[in-house]
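Below, each structure is written out as structure tokens.
The two complexes that follow have chain A in common; it is paired with chain B in the first and with chain C in the second.
Presenting the complex of A and B:
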């Protein structure tokens, strides 16, 4: 079941969030198991399944990153978690510095904490930049339906995933 | 449907669905009438049924009468059993130390309480409370109640939810929905009157703490995030006070009373009273009288505050995490609703007000609001309420064990339910015909830090080279927050059998056995009542016949008629002590038959003497 058609929405990378939410609420009223509590079991199970698809789909579609991954997968691109292990070349320098700071902190050098906080902020900014880039590319794809754009999006997604992992790691250390 | 008015009479005519708040300390039942949700009074006239069950003298005593037995028979009287639902002995070691009742051996996956000669599990004990509420509802509504909505703490895991559902089934109730307590409270408050808003529900009860953040939009109650602690509540506050008092007594009286069930329960009542008073007055006394000795200790709000401030703090961290998980900041929260008896404590209100920068709603009785919300949800299910809809979430992430004891998350916490996830499994060895899947709940990365939910054995895989089998397993968390698993062979398309071994809780067979036992018990009760009633009828007719022998009418009978009455009486006396109410009733009917003439004669005699009387 394609989430876009389930929601009755055009298959696009840029989605109107309020329109999506409106459809989610409308379809919830239609399919939620509460509406079928006194119906025969067969109908109840169907509603439960439809409701699960609706909720799973809403989670994917409302998040621009998951939405892009979903479309890429549908278009036959390989978007796997394992790819995030390869350091994107443009991040090599940052990762090197981060590892140094982490090493210092683990050896009890509290001064490293400040450089870690600095790195944290830098990564958050990078993530925001990636998000912006994703929005731009999404618009371009929606207009052109050009697979080359999807290829670019895949690159951004991989980089973004890597940055996200860095953010999580730094936050764990700072906590 | 009515032809003239657009009223759905159909949904009201159908058997009622009640809403039940099965609380740690108190339980309530409510229903939806045409004007809104109403609490149904308990047998003692109040609205609350204390969640206390005693097994004394071979019989169950529930609610207020059982509360009295907490002091007289502490070893066979259970309170706060909700804290034991869906848990194993290792989870509750600390608190059972304070419980006066004994835990039986073999309580690893289900706790077994030894109450005299009976061993009972928490769902069976909760079923007694539910049964009491069911009877109260039936007496009030004048009809049989078989369907219910039961509330659970939002942060309850799969096993705790399943245990609650089992309790309902054992009590003869089909649990149509488990609703999270804070969400139910939001429904009761009817805050959907406002077109669009964000509401936080802070639910601090007797044994559990929950925080939920909801978006309300045109009648839809969408939970954005939830958090909590299923082991944090008013009980913990009581235990603090209790500990102080016990220490005082140890030094003042030179006596350690902590293992004396009767003394501890009496003292517990005293500290609860003091705690409750402190919500209204700046200082009070803990007063305890026992075996002719007296103990008194003044507690000021200041002392109380210091004593419990860390407990209150423990509720604030889940609140902060919940706000973050909802993707919000404190300023975006429009309203805060307070639920649960512990929110009466002024320090709790103050802490909540400070954190959320908003004056919390306290208009509805915090003890009743959850049950009222459950009744609204019952109305939604019956179709009587059709403008509201609840979209709740699963509180904990669901994952499976992978290589090296690492958890692979399938459904993340705060996902709207029903939610599902699919995963394809294959075999690792040639000819392997089954795959064992270990499902866990929790947020940590390692299996050992999460809670084991169940082990699913995927059987019936055709023997093939390793890696050739492809079985798709679907994990579905239903609207009650309970997991089910189904599997399909991707090559053949055929369904696979999945054998479930729950890590905590009762197996399906055990629940079935408990249900049939409770049905058998209900039938036994019914039989006993029938026999009792038949004997009462027999008493009536035997006494009447005996009296009639002194009447003039007796003399008007023929010898044969008198002999037949005599035989009838003897026949009835012979079967009087049998267990067969049919037999007793048959003999009553026979005696009735042969005494007909006598009764007529007596009537005539009475009329004659009455007439005589008027002529004198």
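Presenting the complex of A and C:
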């Protein structure tokens, strides 16, 4: 079941969040268990199933990252297990260096806190930049339906995953 | 999920952590990563150019226990092997040795990729050097 068509929305990477929410509420009412309490079992089960799809779909579609991953998967891109060949070497180099710096700070004294806070801000900014890039590429894909753009999106998602991990790591240290 | 004793041993006492000069013509460097889990693994080999035997291996991995253990074990396996023997190392050997569960098999794949990347880097370097000498 395609989530976009389930919600009756156009299949787009740049989705109107308020429109999605509106459809979610409408469909939630439509499939609400109270409305099926006295209906035959077959209908009740169908409504339950629709409710489950509705909730899963809403979770995926409202999050720009998950939404992009969903569309990539639909278009036959492997976004699960990925091998290193899919990651540009410069990115690995960069992530490695960032991890090294983080490790040094981690073993440092109290003075390292300021540097950790700085690193935290830097990673947050990098994540925001990746999100912005994702939005831009999403618009480009919606207009062109060009698979090459999806390939680029996949690259940004990989990068973002690394950045997200760095954010988590540094937040653990700052906590 | 519980780690096997061997994974814990390598995780708590990782062998051959460190780095070598990547500009050394006898050193091959492999840098690989798995975006799904955010792991990065750097593995280096130092080859004796006359015998073709790997004399030293170092690694540094940022990732889960299994990824660290896999690369630690990989460096142990590499020492004393020839370059071609090193290329023949399969991830299943790492899986068996560390008793990795199915969800962690990708960590051993990453280690195998790192070995291949390091050896390839070394081979590229020597090929370039020979080409330079030939000119």
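Quick notes
As a convention for this text, the second predicted complex is superposed on the first by the 147 of 175 C-alpha atoms of A that agree within 3 Å, B and C clash if a C-alpha of one lies under 4 Å from a C-alpha of the other, contacts with A are read in each partner's own complex, and residues count from 1 in each chain.
Assume contacts are C-beta pairs under 8 Å (C-beta built on N, C-alpha and C of every residue); 3 or more make two chains touch, one makes a residue touch a chain.
Here the structure is a predicted model, which means the values were calculated and not measured.
When the shared chain is aligned, no partner comes close enough to touch A:128: not chain B, not chain C.
In the superposed model, A:59 makes contact with chain B only, not with chain C.
Of the two partner chains placed by superposition, only chain B is touched by A:28; chain C is not. Of the two partner chains placed by the overlay, only chain C lies in contact with A:89; chain B stays clear of it. Of the two partners chain B and chain C, more chain A residues are in touch with C. Of the two partner chains placed by the overlay, neither chain B nor chain C lies in contact with A:17.
In the superposition on chain A, A:48 contacts chain B only, with no contact to chain C. Contacts of A:164 after superposition: chain C is touched, whereas chain B is not reached.
Using the contact criterion defined above for the overlaid structures, shared-chain residue A:37 touches chain B, although it does not reach chain C.
Residue overlap on chain A between the chain B contacts of one complex and the chain C contacts of the other is empty. Taken in their complex, chain C has these residues touching chain A: 31-36, 38, 40, 42, 60, 62, 106, 109-110, 113, 117. By the touch rule above, chain B contacts chain A in their complex via residues 14, 176-177, 217-218, 220, 222, 377, 380-383, 389-391, 415-421, 476, 478-479.
Chain contact summary for the complex, chain A toward chain C: residues 80-84, 86-87, 89, 91-93, 95-96, 99-100, 103, 157-159, 161-162, 164-166. Put simply, chain A touches chain B in their complex at residues 25, 28-29, 32-35, 37-38, 48-49, 51-53, 55-56, 58-59.
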